[in-house]
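In the two complexes below, subunit A is the common chain; its partner is subunit B in one and subunit C in the other.
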Partner chain A sequence: MAAIDASAAARAPREVNRQARTAWGLATPALALMFLILLVPVVVAGVLSFTNYSLGNSGFDWVGFKNYDRLFSRSTYEKMFIATFTYVAVVVPVSVALGLGAALLVNSLGRIGDVYKTIYFLPVMATLLAMAIVWEFMLHPTIGVINQTLELSCGTFLEVIPFLGNGCADGFPLWLGDRDYAIWVLCFIGIWQGFGFNMVLYLAGLTAVHRELYHAAEMDGAKSAWERFRLVTWPALGPTTVFVVTISCIRAFQVFDTVEAFWPQGGGPNKSTYVMMFAIFEKGVQQNLIGIGSAITMLFLVFVMFLTLIQRWLVERKVHY
Partner chain B sequence: MAGLSISSVTKRFGDTEVLKGVTLDVADAEFVSLVGPSGCGKSTLLRIIAGLEDPTSGDIAIDGKGVTGTRAADRNLSMVFQSYALYPHLTVAENIAVPLRMRALTATQRLPLIGPFLPGAKEQRTEIALAVQKAADMLEIGALLDRKPGQLSGGQRQRVALGRALVREPAAFLLDEPLSNLDAKLRVQTRAEIAQLHRRLNATFIYVTHDQVEAMTMSDRIAVMMGGEILQCDAPSVIYEDPNDIRVAEFIGSPKINILPIEFANGELTLFGHVLGHANEAAQSGIYQLGLRPEALKLTQSEPVMTGTVAHMENLGSEVYAQVALADQTSRVTLRAAPAERHNLRLGAEVGLVFDLQDGLIFDADGTRQRRIEVAVTHVKEVA
Partner chain C sequence: MTRDIWKHMILILGAIIVLAPFYMMLSYSFKSPGEIDRGVGGFFGAQEMMVDPRCVKLRDPNRDEVAAAAPQYPGKSDSEIRAAIMAQAEIDCSMRPVVFNYSKAFIEAPLLRYLLNGVIVTASIFFIQVLVALPAAYALAKLKFWGREAVFGLVLFCLLIPVHAIALPLYIMLAKVGLTNTYAALVVPWTISVFGIFLMRQFFMTVPDDLIDAARMDGMTEFAIVWRVMLPTAIPALLAFAIFSIVAHWNDYFWPRIVVTGSRDLFTPPLGLREFKGDADGSFFGPMMATATIIVTPLIVAFLVAQRRFIEGITLSGMK
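Right, the complex of A and B next:
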């Protein structure tokens, strides 16, 4: 007995070693790729954010935290943060809520629901750059369809609404050219473009809700649609919601093409739509200021990482039963 | 607690007629099983009683009051679903409390955070907690109250679903195949527990099942459903011993009842050419069907009515079931024998069978019971 145990004990570590070597061998390609295309660029960007490097220069100087210092002291970057966070704070909740609402409505319809599904999903499939040009036409202060429609209200009782009254008296907003409106127009287009995607995710989540639970809720006395939603639908959509919110946040942080299409020269009137992605592009690519561009990139990464961590935490703790 | 009455309820889904005019009265505190093969409409009927489905025509009344147009939430009925339908995000205690919270608390009192501090909410919540505790103790799930349904076994979930149904006092309990997801052993145990629960609560139970054993063991009355109709609704013993229809006789009883063709002509009742008896009554001549339960057939050495060879045997310990392939016939009959007779039954052995015609059930070609012939025939035989 003892002899067998001893030989088994001697064999065990060799076996474990062999398995470990195979495991590492199999994981190496994936690890190498992750290292090369994810970690190395992040580290390089991190290093460059402490320099004043420009592409084409043979050398660079270490500038310490000067780039980061600028990010938190210059008014341009203050506007960048305001624009970015305004966009995220408006677009994420509204597009998630609209996505959920649209999904519930589409789900309650029969065949005609497919038509609405397609309509709401079209903006997601369309190229945002091309759509931005269409929006630019529509939002044109004089010949745009939006202001022309608004002008129809002039001379009617609708003028009692302050917005329309002021518009008829002093002219309707310039929209893209007005620093008070530009960011909201940007948010509106972001919501219009994004909520269809959330709707599709929620529709997928809704198919997983057990039908019999609604019957149980009815038997238990949940009479209103709201009570059934609170008792059955919303809890069942928990995992979907966490995913949708995270994805929406990351997409909102990444908003770029609309800004680039509307205001290629510098982030909107008075930099009111100077969002982070655009700032990275402008500093790092257009102006070849790699150092400051890298610093914004690092900050961007921190935000996204933070969001992902929150999502992980929520998913593991709260929404799975 | 209240009685229930269902009058000429029909239900169509498109062109398919699922229920063809079902009428059933359930007395207060009665345990009625709806039993039948899959697709016979028993679950649909239960869902119509519950109010989850609207009947195409017909009426439902609870305690004498018509509820046909009333929505499910207002009918004051409890239902246990086949899948249990527990809320996965709520603990066992919260699941059981849902029916009370929905009814006793107002919408604002149910709100998270501020709800508990509204006037009256605290007393209500204490009462609900007490009721939940009482229901949990009755079902012996007190130790599980803080768990989520995902952490429970099938049997435990089933108890929670029962707890959610009995935490308030409904007019009746509706159970939709509640045992079908349990393993065989647990099913037998839970069967007894539900029957005990019925006696303790003294409440009206309507129990849907496709398992005739469940129906036989638990019910006061069994309603056998087939093809959207109730064929017969009677006490289990009547359903078993005195069925009105061959379909009822065939569905209830395990192993299945033996059906043999018999002929009635010139006052003689014959089975495979063997005269069983005479009848002087002017009953219609023709081919009939004789139903014989496995326990009605007996092994005999002399003057057998039928002979055959043992084709298959099932020894259950307390009794032995043997399938006998009849000589010159393609049909098989099943007989129940006592373990003592086992030595006569070997595979391939020739056996003789005899039965008392009084134990037989006679049906016509359409499957309707012919009690008149039964009475006439047995009478003559007794005289002879």
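Right, the complex of A and C next:
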């Protein structure tokens, strides 16, 4: 910084002026697009959420808080919140924990561990929509490979397990068509897709943990692997964890591809998987109920911004060890 | 050593679950409809010759065609001639299941067009993102001007807004200016990558000022400095950003689903696959899995070839 200041001070004021103008020239396209594509839509959504606007209508009426009121009183939207929060509350902790576990195991194995790293990262790269369709086939109640595999256990000692025993007697779950299973299957696929990403972030975090810290901990009497993890690894991974949790939350809130692929009509059996992004799509785009769609959008933005702000606050405040 | 075996067992179990859908996808894309229905045939299927019923049906001769073929079959009745033609058609229309699946993937839907659209859209997005973000990042990192802190603050604020979240107002705005169902609609919302600006700015901060001052001495304009001095130094960061951007947009389904309706000409690969699924009856599992395989393969192969770069690129968002 000092170098910039010194060289700037040495320059004539006119030169500084010229540089300022160039700088604004260079930044203007980005600024203009930022306003037009990111800020204006937020304002538009905010305004429209107080109206009953529809595309194709020339005018609209102000309806005050009616859209928001509806969000908090109708049972459809109650199901939307339940589905969204269930998904986030399951996928985030499990995929973070699995990511951390996988990272620790892979890291301790050295070079052979890289094979697992590659494999676990594959779902992150693959087109989620395509993989969702594959999962749908695998979960097919009759010809799907999952139920076919479960049926193999029928007639063997495995039937003592209640789940398998009941399945053999009354048929195995319909999975995607079953309101008791649908949301959990959705969560499972979310975890399947996302934990490799968390693993890689944790692996990057682990490389930054100093070896000396482990030696020091051992000197202080931390003998077991668990003690070393609790005293050294976990605190050192603090910043990574904050980041991993935040980004997992934001990604989980945005779940859409799998829901749309499995249940193109209306968010699953008994609306048990009617997540917010799907609701925005269905209400706002398909049914042209822009007011209500905008209200969901605003709520969604509040959640996401809130999460990110918490993350920034945590990062600035405490997680530096 | 025994402890390592336990670790391997856990990790292998995980790997089986992770790989299962990839295995099934490939396997289904090789098998015949019957084998898929019955769940037999192992990984490759038996690859017995199969007859494509649609192909045969298309070659069912009408009365004129039978009459035209009559000279080739002297002394036969019309129905005999028709049977002979159909028999020939069945021979011509039989093929190995793997050939059937992959050829159907390209014939039943304009898959090549979808792939091309995917390339056009992801490439345009990336190039415009760089074109917009690089100069801004340079200005924010290396030029002193009044309002710089405010602009950077704005960038930090905009990082809070995921584009998918504001898809509805963006869609309304595009519809108002009549841009839905165009390439522009697929590209425009992604032209500004605040994350790209942030990332490149952090990178440019590490570039020594001497380099820029030397370029100024040589009489280069600031604009030229961006593209001829800063760009070459930023190649590693740009490469990582390219991977980040391309993976995100090749795989994106939500936004194309919203702005492209009807016209197949604009479908990106995920949209094409989705439509294929909508049309498909049970016998089309094979071709559909072949389509899925074709769509997923480019990124997977690129990833396997350049793993380190990919992991860097995808986890970019983790850098501070």
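What we mean here is this: the second predicted complex is superposed on the first by the 287 of 321 C-alpha atoms of A that agree within 3 Å, B and C clash if a C-alpha of one lies under 4 Å from a C-alpha of the other, contacts with A are read in each partner's own complex, and residues count from 1 in each chain.
Criterion: contacts are C-beta pairs under 8 Å (C-beta built on N, C-alpha and C of every residue); 3 or more make two chains touch, one makes a residue touch a chain.
No experiment lies behind these values; they were computed from the predicted model shown.
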item	value
Clash or fit (per the criteria above) of subunit B with subunit C on subunit A	fit
Which superposed partner A:A89 touches (first subunit B, second subunit C, both, neither)	neither
Partner chain(s) touched by A:A97 [first = subunit B, second = subunit C, both, neither]	neither
First (subunit B), second (subunit C), both or neither touched by A:P235	first
Touching partner for A:S294 - first (subunit B), second (subunit C), both, neither	second
Which of subunit B and subunit C A:T127 touches, first, second, both or neither	second
Touching partner for A:M219 - first (subunit B), second (subunit C), both, neither	first
Which superposed partner A:E227 touches (first subunit B, second subunit C, both, neither)	first
Which superposed partner A:V302 touches (first subunit B, second subunit C, both, neither)	neither
Superposed model, subunit A: greater residue contact from subunit B or subunit C	C
Shortest CA-CA distance in Å separating subunit B from subunit C in the superposed model	16
Set of subunit A residues, in rising order, touched by both subunit B and subunit C	none
For the subunit A and subunit B complex, residues of the former touching the latter	210, 212-213, 215-223, 227, 231-232, 235-236, 238, 321
Subunit C-facing residues of subunit A, complex	3-4, 7-8, 16, 19-20, 22-24, 26-27, 29-31, 33-34, 37-42, 44-45, 48, 55, 98, 102, 105-106, 108-109, 113, 116-131, 133-135, 137-138, 143, 145, 148, 192, 196-197, 200-201, 204, 239-240, 243-244, 247, 250, 254, 256-257, 260-261, 264, 277, 280-281, 284-285, 290, 293-294, 297, 300-301, 304-305, 308-309, 315
Complex contact set, residues of subunit B against subunit A	47, 50-52, 71-74, 77-79, 81-83, 85-90, 98-99, 102-103, 107, 148-150, 164
Of subunit C, residues touching subunit A in the complex	4, 7-8, 10-11, 14-15, 17-22, 24-25, 28, 36-37, 39, 131-133, 135-136, 138-140, 142-148, 151, 154-155, 158-173, 175, 188-189, 191-192, 194, 197, 209, 213, 221-223, 226, 247, 250-251, 253-254, 257-258, 269-270, 273-274, 277-278, 285, 288-289, 292, 295-296, 299-300, 303-304, 307, 310-311, 314-315, 317-318, 320
